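The following pair of complexes shares a single chain, subunit A, combined with subunit B in the former and subunit C in the latter.
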Partner chain A sequence: MENLGVAFAILGAAFAAMFAGMGSAKGVGTVGKSAAGVITEDPGKFGRVLILEILPGTQGLYGFLAAFMIMNNITVGMPLSQGLGLFAASLPIAFAGLVSAIHQGRAAAAGCGLVAKRPEGLGQAIILAAMVETYAVLALLISILLIGRAV
Partner chain B sequence: MAILNMKRIEILGLQKDRKNIIEFLQRQGSVQLDEMNEESGHFTSIPTASTVTQLDKYGSMVDSAVEVLDKYAPGKGGMLDSFAYRKEMSTTEFLEKSKGVDETLGKCKKINALYKKIQDSRVEIARAETAIDQVRPWESLDIPSSFKGTADTCAFIGTIAEPLDREGVLTKIVEVDPEAQGEVEIVSSDKNQTCLVALCHKDNAKTFEQALRTAGFVSVSDATKHPPKVRIERMEKKIEDCNAQIAEAEEAIKGYGDARDDIAFLRDYLTIRADKYKVLDKVSVDDSVFVLTGYVPEIKADDLKKKLENHFDIAVDLKDVDNTSDDVPVAVLNNTMGKTMESITNMYAFPSHKDIDPNFIMTIFYYFLFGLMLGDAGYGLIMIILCLFVKKKYKPEPNKRALVNYGLGCGISTTFWGAMQNSWFGDLPKWVANNLKSNDPTDFLSVHHLYWFDPLQHTTRFLLLCFLIGILHLILANCVNLYKMSKHGMMFEGLVETVPIILILIGVIPLVNSFIGGGALAEIAWTRPIDNMIKAASPVLNTMAIIGAIGVVLGPVIIRIKQKSSFGKVAAGFGGGLYGLYNTASGYLGDILSYARLLALGLCTGVIASVVNQLGATPGGGQWFIFIPIFIIGHTINLGINLIGAYVHTNRLQYVEFFGKFYEGGGNKFDPLSAQSQTFVFKEEN
Partner chain C sequence: MSLFNKKQDTDYAYAVARVRSNELSLLTEADTEQLIEAASYDEAMQKLADSGWGEVSKDTDYAVYLEDHFASHWAFLEEILDDVHELDLLLIQNDMQNLKAALKNLLLPDPADGVYSKATVYDTDAIVEAVKVKEWGDLPEFMQAPAQEAYDVLTTTSNGQLADAIIDRATLERILYLGKKSGSSVLANIAERKVATANIKTALRCANTGKTRDFIDSSLAECETLNKVTLTDAALNGADTVLNYLEMTDYKEGAEQFRESTSKFEKWCDDLLMECVSEAKYTPFGVEPIVAYYVASDAEVKTARIILSAKKNNLSKDLIRERVRTLYV
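Entry: the complex of A and B
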């Protein structure tokens, strides 16, 4: 039982990487499908849609980052309260990452449609999709600050 | 730096010079010609649409020839060759070279014909292969499939749609009709069908055939007079011939590889001519003269006028225009720094005459933010080296030079911020210092503390830095807005609108420092004075914030009083001001928080880079031969992903947080008649 703290902290790291990663996988996949459609018609747009496709991938990186920071803070025999704290700190990026990546994926997929019709609209398409990311950034921010507080 | 003023240009020339003058204007590339409104008075226009269509048709012919050449006789060029400087060509050289275009066009036609031959042969091969597949089960049959029997026998050649051997077939026949007598030979059998030859006596033929058919027998559909083996051989011969034809055609296409330069010139030639003919349509003509009108940038106007009058018998008139009107096209002129931002700004929206050209102003923060997001000195150095290499080797021309300079700027800033955070390919120096055995900070940089801070250890300080940068960025945006409004004669309104916000932004610094920064500046010795300064100034700064807030509320009231509005409207302005304060507070809070993405992306790059190093060093307990491939692959991927991430999010901060405060965009881009060529540029003419 004395390692329960460590176990919770590990669970937290796993949550952050897992859920945010799931969201990104789903999001990038959604854009990928649309992007492939655009490229079928016009292979020259590959570069543009690639930028859009990568957008929902950042949540996965954020989750990875939070997981890494939690891992760095795990110490052998840490008290349960600390472990629970680290676990709780992982939740914002885990879930905000999950949901925001999926929805960012949809916005970016719609952006692919925009770029297909108006290639010069890439800037607008990027902004519209990048707006969603703000909430993942904020969640990561809180996760990082909480990790700092938990130990 | 600035949006250029435009002038109207009106040209009256002799009919006989018409084409020459337009060609001259095209080479100069500084006049945007008007669409001809309607045929006014005795002027008419000469329709050129059919010529343009014809030229476009030739153009696509050349394009497909180039595609074919790329496939069969690829040029030597590498990925970076598109940066190469286009060679200069004088008008005489151009005319000289133009003489050869018919011959080149002929070559393109031949290339396309050869390619068609290859495609036809491919179809032929596919057809033959299908036919062979169909005949293959009959290969061992040594009589023609149309064989009907001898004088006394009847032969049936065909299939039953199930796998059977000789006994099986005979049993089936006898099951149907015990009277039916004959002999069966199996040619081949697989899981779908059995190919067989059945023989019987002529007298018995009807009964036998009846039984055979009831048992599921179907005669061959394509009976021929040659044995199947001969047919297969013929088809194989055909395939061989087709392959030989393809090889021959490919060789012939390769033979045209030398014509690549000529073809590229032809493509440009056709584009230039098509553009010219599109313009000829816009010219008003009568029997002896023609009229052209358009816009020309003021700085080029006089020079152009002089040149035109030197070359032709011509009347050129320049007129001033209202340079705030939306009808006037917009052109911007920037120095080297500002130029690098043009493509970024244009991706958002092209500036209009209501705007000030934001390109130069945004440069400093753009690179600053980009570097902070990518934030690894190793990656930055790679970018710098690559860009310098391209600059040195290809000496790119202005448009492409801007792109290379952009990469260079980002690279320098990335290197700077990476060094500040002690990130050189992540924690590579630490691994190297310990010969891959561990990443203890025993390397030179860490031991002598040759960096500012470690972002993972001092996350809050990093965050504070991000917010402070954000506040500065937003203050700059408001200053630009003030400048823009004052330029449009709205100095007073501008002051009322922006100064309170600037006061608030400066005023919240102590709050950010103590609340979100968590005393980050107080942690180390040499930032402590800054912290002390902020703390000492905080009463003043707080007062500034309060004055700013009051300013925001009273702003609409002041403006309405100045406009001498009625009391009711002034009172409503107060309500509007309160709402404005709420908007400002929530909007700017969101804006400042948005700069946290600098931290998020900055940390991502460094952490993933370090993980790559760890992945390389751990297996095998620190073997270089394992480490190096993992290092190369891992860092290439990390650099690729984070480059795009940094690019997108720097753009977002510029577009939403920065441009949102002052930039409108939506101008008509100045689109002069010019020689759109890929391979050469015209030499300056006097």
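Entry: the complex of A and C
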């Protein structure tokens, strides 16, 4: 029972990396399919659609960053309240990362369709997809602040 | 298990992206105007060739040329779709036309080859073979009963029109079934409009040729936006009664167009279908943009056929403009 705090903190780190990573994998995969379709018809658009494909990958990085920060704060025999605090701190980026990456993937994939028809619309496609990023950034910020408060 | 087997809209992301790229090569309103403005048939053919429709020569038969162009669209759709059954709703009428042709070929002393459509859901050779040996059980299940019924009519009464009506009605019922089964509001709407316009055309034709109640009843399919009994009664009382009934339905504009000319009515029927799919232009995923591409390809080829045929027969530009279909892009 004395290691329950550590267990919760580890679970929090796992949640942050796992759920945000799952969201990014799904989002990047969706854009990848659309991008492959565009490149099949016009290989010259590879550079343009690559930018869109990268966008939903950031949530995975945010989750990794939060997980790394939580792991850095784990100490042997840490109290349960501290462990639960770190676990709770992981939740914003874990779930906001998961959902925002999936939806950013959809927005970016739709942007690939826009680029397929109007290559000059790349900037607009990026802006529209990047709007979703706001909520992942806010979630990461809260997770970082909560990690700071928990230790 | 069904949760994992069900296709998600993003599963079409690759296909939709390819469709979006290919939409750039579809005819636009500006291209159509250029074709109409062409000084001659040859110049119109050359404009199509310049648009990437393939080489033309003095001997090129425009019907074959357009058929080949549509075949290239079909080959593209076959390539991007894992399963062409996604397009059953639009293609099933080609299968049923092939069934009709195979049944009629049975009774001809010298059966005609090359009358079968290529863009089909089921293997045409298998359908033709099943009809040839009268093994109705080898046909897809929904074709079995109408095929046998149409064959019986053909062999006992030689009434080709009634045999056709039986197959046509089975086609419409299948389209409605596929529309509902798709779970897509766009596809269900396409199915409903296709069946309704087919019913209207049949009712008007029956009214003008004085068909019996039994014949009309065998020809019309039940649909949600038209009342079959009222339409049948109207058809028995003449074309004006049919048009008066239509004025009380969603198809009021169709009645107005028919009163002006049959060519305007035909255009309205095709444009109605285009209206159903036009929202797919803003749909990022799902089967709808692919269905819309098929409808757009069909409208493109139909428009080119109208223009080329009119140019060949020296029809006026205004008459051509009246007939050209609304395009997707």
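By definition in this document, the second predicted complex is superposed on the first by the 151 of 151 C-alpha atoms of A that agree within 3 Å, B and C clash if a C-alpha of one lies under 4 Å from a C-alpha of the other, contacts with A are read in each partner's own complex, and residues count from 1 in each chain.
Here, contacts are C-beta pairs under 8 Å (C-beta built on N, C-alpha and C of every residue); 3 or more make two chains touch, one makes a residue touch a chain.
Just so we're clear, the structure is a prediction, and the values are computed from it rather than from any experiment.
> Report clash or fit for the pair subunit B and subunit C bound to subunit A in the combined superposed model.
Aligned through their shared chain, the two binders fit side by side on subunit A.
> Looking at A:117 after the superposition, I want to know if it touches subunit B, subunit C, both of them or none. Which is it: first, second, both, neither?
The second partner, subunit C, only.
> After superposing on chain A, what angle in degrees do the C-alpha centres of subunit B and subunit C form at the C-alpha centre of subunit A, to the nearest 10?
With subunit A as the vertex, the angle is 60 degrees.
> Counting residues of subunit A in contact, which comes out ahead: subunit B or subunit C?
Greater contact footprint in residues on subunit A: B.
> Output check: A:36 vs subunit B and subunit C. Expected answer is one of first, second, both, neither. What do you get?
After superposition on chain A, A:36 lies in contact with subunit C alone.
> Applying the document's definition of touch, where does A:17 land relative to subunit B and subunit C: first, second, both, or neither?
neither
> Just to be sure I read the superposition right, which of the two partners does A:54 touch: subunit B = first, subunit C = second, or both, or neither?
In the superposition, A:54 touches subunit B alone.
> Between subunit B (first) and subunit C (second), which, if any, makes contact with A:70: first, second, both or neither?
neither
> Would you check which partner chain A:106 touches, where first means subunit B only, second means subunit C only, and both and neither mean what they say?
Second partner only.
> For the overlay built on chain A, what is the smallest gap between any CA atom of subunit B and any CA atom of subunit C, in Å?
9
> Show me the subunit A residues, by the header's touch rule, that subunit B contacts in one structure and subunit C contacts in the other.
Dual-contact residues (subunit A): none.
> Mind listing the subunit A positions that touch subunit B in their complex?
50-51, 54-55, 57-58, 61-62, 64-65, 68-69, 72, 120, 122-124, 126-127, 130-131, 133-134, 137-138, 140-141, 144-145, 148
> For subunit A, which residues are in contact with subunit C within the complex?
30-31, 33-38, 40-42, 105-106, 109-110, 112-113, 116-117
> Can you list the residues on subunit B that touch subunit A in the complex?
Per the touch definition, subunit B meets subunit A at residues 347-349, 456, 459-460, 463, 518, 590, 593-594, 596-597, 599-601, 603-604, 607-608, 611, 641, 644-645, 647-649, 651-652, 655-656.
> What does subunit C use to touch subunit A in their complex?
10, 13-18, 20-24, 80, 284-285
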